[in-house]
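Heads up, there are several structures right after this.
Shared chain: chain A. Partners: chain B in the first complex, chain C in the second.
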Partner chain A sequence: MRAIVAVIKDTFSLADLPLSERIAFVAFLVFVFIFPWIVHSSYPRAVMINFLLFAMYGLGWNLIGGYGGQVDLGQAKNVGFGAYATALMITWWGVPFWVTVPVGIFIAVAESLAVAYPMFRLRGHYFAIATLCVALVWQQLFLFWDWTGGARGVELPIKPTPNFTFMEFGTVGYHYFIFGLFTAQFLFMNWLRKSKLGYELQAVRDNEDAAASLGINVTWTKVKAYLITAAMGAVGGSFYAVYHLYIDPRCVMHIDLTILIAMTAMVGGAGSIWGPIIGAALLIPLDMYLAALLGGKGFYGIDFIIYALIIMVIAAREPRGIWGIIERIRRKRLIHAAGGQKST
Partner chain B sequence: MELAAQIASSGILMGFIFALIALGLTLIFGVMNIVNFAHGEFLMIGMYGAFLTSTLLSVEPLISLPIVAVVGFLLGITSYYLLIRYLLRGPMVAQLFGTFGLMLFLRYLVMFIMGPSPLAIHKGILIGKTVSLGWLIFDVGKLTAAGFSILLFMLIYWMIEKTKLGRALRATSIDAEAARYMGIDTEKMNAFAWGIGGATAAIAGGLLANFYYLTPTVGMLFVMIAFATVALGGFGSIRGAFLAGLIIGVIEMVAGQYLSQLKISFVYLAYFLVVVFRPRGLLGW
Partner chain C sequence: MLLEVKNLHKEFGGVLANADISFELKAGEIVGLIGPNGAGKTTLFNCIAGYYKPTSGKVFFDGKDITGWPAHRVAKVGIARTFQVMKIMPTLTVEENIMIGAFCRTGDRQVARREAQKILELVDLMQEAKAYPPELPIAIQKRIELARALATRPKLLMLDEVAAGLNPLETKEIIQTLQKIKKERDLSLLLTEHVMEFIMTISERVIVMAAGRKIAEGVPGEVAKEKKVIEAYLGEKYAKGK
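Up next is the complex of A and B:
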């Protein structure tokens, strides 16, 4: 009983974070909650939904990439498994959405488990390239596999009325749907980062040998994080399928998706709970604005040129992203304040 | 039998080019222990360089090779001084993302300038010609590319093994700090390795352009092939890269014969199996 209470407390408590951050986060939640009431045009609403989706993707990736320090360049395949499980089961057999989600999670986790053990014999670059290899194999398979619709993709049947079995509704419905998923995932991550696994993972990231000498099973810790990340990606993919009602290997399996997911976490600040949210808040509106501004005008890839510049500057200057900059400023202020007190 | 011989020989021809591509990557990895995701983009820029010089100046694509080599060399050195130098001070995650960013930047810059649709060089003494040796048929472009690859590979191998510059480079790769105490400017050696990497990749691209379609996204394919090659040969091993290039060339060609759409997946699979089961590769330490 006490253990359950402790888990619930850890899930909802942000007590270890400064008051300013807690206030900002609550304000953020309130803002997102009332957003559909104040904004009525469909485009900003779509941006908001996309932002929440990518914040969710980023939170998932942040576990293995940020807290675990393992550069996983294959998250798109997990999103793809979720999206395809949902899309295909709904189109073929009319299975309710809520049944397809666990199936998607199961496939993503099973596949990740199958590759995880050989993969985690590798470190650093070798691991990153191996994840990329596996993801690219899946991308190719889904592009050429007629069984899953190949490059044409899958179109989901459109229901005439809002429908909770297949989770199809108007923009506002999707807004609260993704908001719910995002909040659930945030709370889960909030619990996880303070759990035994969370601390073990950070220990492994900071020094694998030291962590092993403290009795932490390094490989198993990484594998657990890898599987949880996979499951989170699959949930996002399932949402993507019912939200867009169309998927193809370019939008849910593609390496570009992996890049965007990893970037939301990296730009915002990998290894911090706020990082992915900040990253998504910056990148997704930028991405959609650029797409709307330049789409169809023959400017190809200008969005990726901008991303690439951001990545390079961040990697060279502040690998801990925007959150790293904020923390650095805060530390400087703290030192200033301490110095000021000493002199008086 | 004839088919098998044809496949194997075509695979080996491609393998020489793969070896040339892998050479720069393994050199960079050996000297400063950093993986260059942008390596394929150097190659892609080499392809576009050959395309642009041969179509705009209407010269033979082979003549554009020296220009392409210089462009590649400068590109490598510039990347080193503007970006890689700073990445080397950071954690490994930053290094990975930094070169990944460089890859995206170059790819989409070319796409922005040249457009996303595939291009091809249509004029040139090597384009579309074949030569038959007995019952084996070879594409002249591939044959020439393989010949140049072998020559260049030997040249660079000789430079690294025999010249003073090469010795300094090897010293840097074994122990950068000790090399610095010996008076070697390791910063320059790093930049030089990047220059060689850029130049060889760009030349490989210039050779490929004779018989391969140009798209801005082609680099990803070749960088993955190069990773597989370098892993198979042993990270940092130059002779290993040569041997592995040939093997990967044959794998790619055999897989292409039976599962043409998925052939590149077999190269990825090869990387995966090699790093998992024999992380030091064939000839690595």
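Up next is the complex of A and C:
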């Protein structure tokens, strides 16, 4: 009983974070909540939904990539598993959305478990490349297979009225739907970062030998994080399917998606709870407005050049992303203040 | 017998780093492991702690055959260690470093935190609890490693050159800390060190290694007089002089 209370407290409590961060976060939640009432045009609303989706993707990736320090470049496959599980089960059998979600999660987790052990024998760049290759294989298979619709993709049946069985709504409905998913995932991550696994992952990221000397099974710790990250990707994919009512390997399995997910967390600040949200807030509007602005004029790809530049700057200046810069400035001030006190 | 090493060999591509090492360590004992550079002390630690698999030979701990067990299982069974080249978690605070040690025995964060608090007090690190290790001096970092190892509640603590790089005062302090810890925690210690005052003060028994072999064993005062031991050390100095 006490354990359950402790879990609930850890899930909702941000008490370990500075007051300013807590206030900013609540303000952010309020802003997102009232957003559909103040903004009525459809494009900004779509940007907002996409932002929440990527913030969610980023939070999930942050577990293995940020807290665990393992650069996983295969998250698109998990998004794809979730999206295809939902899309195919709904179109084939008319199964309710909420039944398809656990199926997607199951497929993503099972596949990840199968590839995890050989993959985690590799370290650093080799691990990153291995994850990339596995994801590419899946992308090719889904392009090639007939039963998944191949390159044509899958079109979900459009329901005449908004409904909760298939989670089909107007824009505002989707807004609150993804906002709910985002919040749930945020709370889960908030608990996880304070759990034993959260600490163990950071220990593994910082020094594997030291972690092992403290009784941590390094490989198993990474595998656990990898599986949870996979599950989170699948949930995002399921949402994508019912939101767009159309999927194909280009939009849910593609390497562009993988890179954008990893970048949300890395640009914002891997290994911090705010990083993925900040990263998504910066990159998603940039991505969508750039695409709208330039894409139509035959400049496709220029957004990726801009990303590459951002990545290079961040990698060179502050590997812990925007949040790392903020923390560094804050710490400097703190030390400054302490020094100032001493001298008086 | 708490620890028993039997005919342990470790070979690195033809180099015998440990050759036929056998020794025992009783519960509650403090044993020093000395020998010139490259004698094989760290290698022996790594073989016991699961970082290297011995080429042949056996390691028993608490009656269990732990030969070749992975490091994390060795830690769980009750052997903690520190590293000659420090391996501290730089992005976690001192307190969190120690909490991770405590998580070895519990899944509960509050329990781990309380344990960390106790140990911070025991090794005199209360002031540094919220600091990040890279900001702290070497002597403190050495203490963090010690504290972290202690937090796993080991029966045997293996320290690989904890006093290296410390000044005489800091060395004295760490000796006091170790003696205090040993009294409070019911521990056995196996330690290597080049600082002779340190090893000779603290150990009840010393084992001397040279070129991968055990060449002597006994009470500190007597071992230091043995001809083989003097040769091993003088030989080293002589070679260095050249």
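In the analysis below, the second predicted complex is superposed on the first by the 344 of 344 C-alpha atoms of A that agree within 3 Å, B and C clash if a C-alpha of one lies under 4 Å from a C-alpha of the other, contacts with A are read in each partner's own complex, and residues count from 1 in each chain.
In the analysis below, contacts are C-beta pairs under 8 Å (C-beta built on N, C-alpha and C of every residue); 3 or more make two chains touch, one makes a residue touch a chain.
Source: prediction; values computed, not measured.
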Three-chain arrangement built on chain A, chain B and chain C clash or fit
fit
Using the superposition on chain A described above, determine whether A:Arg121 touches chain B (first), chain C (second), both, or neither.
first
Partner chain in contact with A:Asp16 - chain B first, chain C second, else both or neither
neither
Is the number of chain A residues in contact higher for chain B or for chain C?
B
Answer with first, second, both or neither: which of chain B and chain C does A:Ile216 touch in the superposed model?
second
In degrees, to the nearest 10, note the angle that opens at the C-alpha centre of chain A toward the centres of chain B and chain C.
80
What is the contact status of A:Glu200 with respect to chain B (first) and chain C (second): first, second, both, or neither?
second
Tell me, in angstrom, the smallest C-alpha to C-alpha distance between chain B and chain C in the overlaid model?
12
In chain A, both chain B and chain C touch residues none
Chain A-facing residues of chain B, complex
34-35, 83, 86-87, 90-98, 100-105, 107-109, 111-112, 115-116, 216, 220, 224, 227-228, 231, 261-262, 264-265, 268-269, 271-272, 275-276, 279
Interface residues, chain A side, partner chain B - complex:
65, 69, 71, 118-119, 121-122, 124-126, 128-130, 132-134, 136-137, 140-141, 143-144, 255, 259, 262, 266, 270, 298-302, 304-305, 307-312, 314-317, 319
Using the touch definition from the top, list the residues of chain A that touch chain C in their complex.
3, 6, 10, 194-196, 199-200, 202-203, 205-207, 209-218, 271
In their shared complex, chain A is touched by residues of chain C numbered 49-51, 70-72, 75-76, 80-81, 83, 87-92, 96, 99-101, 103-104, 107-110, 112, 148-149, 151-152
